[in-house]
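Heads up, the next two complexes both have chain A, just with different partners, chain B and then chain C.
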Partner chain A sequence: MESHRKPYIREVKRSWWLSNRVYTRYMIREGTAVLSLLVSLELLAICLITVIFPDNAQTIIVTMIQHPAIIIFNIIALLAVMFHTVTWFSLMPKAVRVFRSSSPKETRLLPAHFFLISLWLVTIVASAIIALALIFAV
Partner chain B sequence: MSTRSNEPPFWGLFGFGGMVIAFAFPALLICMIIAGLSDGHSTFHITEIMSHWWGAAALFLIIFGAAFHGVHRILYSLHDLKFHTTLVHKIILYGLAVCISLAALAALVYNYIQHL
Partner chain C sequence: MENKKKKFKILRYRPETDDAPHYETYEVSYRHETSILDALNEIRDTQAPDLSYRSSCRMAVCGSCAMMINGVPHLACKTFVRDYEKVDIITLEPLENFPIERDLVCDISDMVEKIERVKPYIIPIDKAKPLTEDFVQSPRQLEKYRQFAQCINCGCCYAACPQYKLNKEFIGPAALTLLYRYNHDNRDAGTPQRLEILNQDSGAWGCTMVGYCSDVCPKLVDPTSAIQLGKGASAFDYIKHFFKKNK
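The block that comes next holds the complex of A and B.
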């Protein structure tokens, strides 16, 4: 048996996400992953420098992060990562549904601001630990 | 025959990495930018941190999480950009994350042993 129907498939251009600000924002959010991957490569490079140049690793790493290209990359990456953090936290209450109590009759979910406050508190504490560790080398 | 999806573990790593990036990357990058714009030697003691077991472990988890988060999101964005993704794309991208993680693990463990 043969089918001669010709289903209509609407054409979607590769630039579909540029036509609408919400779509553009979505693609920029997904695009932050490229920067995250590059930062993980940057951190890997720091790890490898300590192995390849064990005696003057600290000097080489500081020279590297003082290079103008690396500074510019780090600033772009920081902007992307901040966008990731804000969007990641705001989608958390939509992805993780937690009820207010374990009672089977419970229908109320934990409010979104509960997630946002706790996630930002963790970020502040983690940031303080990272900054103190890097500056004072505890 | 079981045809279970292999998606959940990768999605789990994506979620873990997303958390790690959100918690750690802003502070790390701000410290790197400040060190890059200033003297640097007095504000960025990364090699000293890496010589502690907790510093090495934290740095590994950050690199590992960010790598898997990055490749997973890139894989799904390729579809959004109308590239048909196949097993080859998955192997290349997740393979890249595995390579980054293993290289970081090897370097951090080697560096830690040297400082014992």
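The block that comes next holds the complex of A and C.
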């Protein structure tokens, strides 16, 4: 019997990530890494300025970070990191599988919202400590 | 009795005559209980006798009828026409990321090979133990993996996974889920063999946690969870070997 088998492989378009909202959201989440990299470079530039121009470093840094372009960039970067945090935290409970107690008869797992609330509490407390430390340091 | 009509746009591909797939449109009557699979049976019986698709159990157990329904992987038997009241046309395509064999039938042999690779069976701790003796498992020990044992190998997770779309070397969600399921069975001793697969770039580390595999899983297996837990096991194994080497 003659075979007409000819499997057809569909082409993957460059725009595949625009075909579904989940993929688009994922690509934006991954894309926020670029903004994090740019913020790191900004911080590195600030450190280098203090080393290269020790006498008038503060003036240069204040002028730089008060520039409208830098302010807009930092706001966008902050929003991007917030988006990353929200999407990442929503997936984090999947990486943990813990029983509610150590009793051998316990078969119930800790619910996802337990980890989600814990992560947000840690984030809020850590952010508050950093903010207070910066305020008092200034 | 309610009797509405719905249009279906189906991707057709007949290798004996077609060079590439093309869409054909059909219209069928449906009731509240009509599943997508029922509609396909109706189309085949009355309008397109040469339409090919897979199905068997009609109750979300065999996983044969997985296909793209309006761009989302679903089981045709578990999806109802009534859920698409708001759209004019329901588009049916074979599962994404697999070669199309004919019409809605795709070639899932790559997934099957990958599932076989993770040894999805119990490798006994004591091979000499007679099968007539009990292998005790407590409800807690069962709960450790029960959710991940619900996989029916339908392929929906592979169709949803962008990593598998871009890199066919990636072993994929279902294989990694079954790997976790057997590694956490207290009757099994195959963990060292499966860790070799898990630790590879094409293993758990090939996943970038998109999470869509869990969204589309018709059996609520949550492959994303199994893969992330697998990454934890793989990292622990790496640290264990690092300290062993440096002793």
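Note that the second predicted complex is superposed on the first by the 124 of 138 C-alpha atoms of A that agree within 3 Å, B and C clash if a C-alpha of one lies under 4 Å from a C-alpha of the other, contacts with A are read in each partner's own complex, and residues count from 1 in each chain.
By definition in this document, contacts are C-beta pairs under 8 Å (C-beta built on N, C-alpha and C of every residue); 3 or more make two chains touch, one makes a residue touch a chain.
Because the structure is a prediction, the values reported are computed rather than measured.
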In the superposed arrangement, does A:I75 touch chain B (first), chain C (second), both or neither?
-> first
Can A:P104 be said to touch chain B (first), chain C (second), both, or neither?
-> second
Residues of chain A touched, compared between chain B and chain C (which is higher) = B
Tell me which partner A:V122 touches in the superposition: chain B (first), chain C (second), both or neither.
-> first
First (chain B), second (chain C), both or neither: which does A:V62 touch?
-> first
Look at A:I135 in the shared chain and tell me whether it touches chain B only, chain C only, both, or neither; answer first, second, both or neither.
-> first
If you stack the two complexes on chain A, which partner ends up touching A:V12: first (chain B), second (chain C), both, or neither?
-> both
For A:E30, select first, second, both or neither according to whether it touches chain B, chain C, the two together, or no partner.
-> both
Where does A:H84 make contact in the superposed view: on chain B (first), on chain C (second), on both, or on neither?
-> first
Go through chain A and flag every residue that touches chain B in one model and chain C in the other.
-> 12, 17, 30
Enumerate the contact residues on chain C facing chain A in the complex.
-> 13, 15-16, 20-21, 71-72, 96, 99-101, 107, 138-140, 142-144, 162, 165-166, 208-212, 214-215, 222, 224-225, 228-229, 231-232
Across the complex, what residues on chain A touch chain C?
-> 4-10, 12, 16-17, 19-20, 22-23, 26, 30, 91, 94-95, 97, 99, 104-107, 109
Which of the residues in chain A come into contact with chain B in the complex?
-> 12, 14, 17, 27, 30-31, 33-34, 36-37, 39-41, 43-44, 46-48, 50-51, 54, 57-59, 61-62, 65-67, 70-71, 74-75, 77-78, 81-82, 84-85, 88-89, 119, 122-123, 126-128, 130-131, 133-137
Can you check the complex and tell me which residues of chain B touch chain A?
-> 17-19, 21-33, 35-37, 40-50, 55, 59, 62-63, 66-67, 69-74, 76-77, 80-82, 100, 103-104, 107-108, 110-111, 114
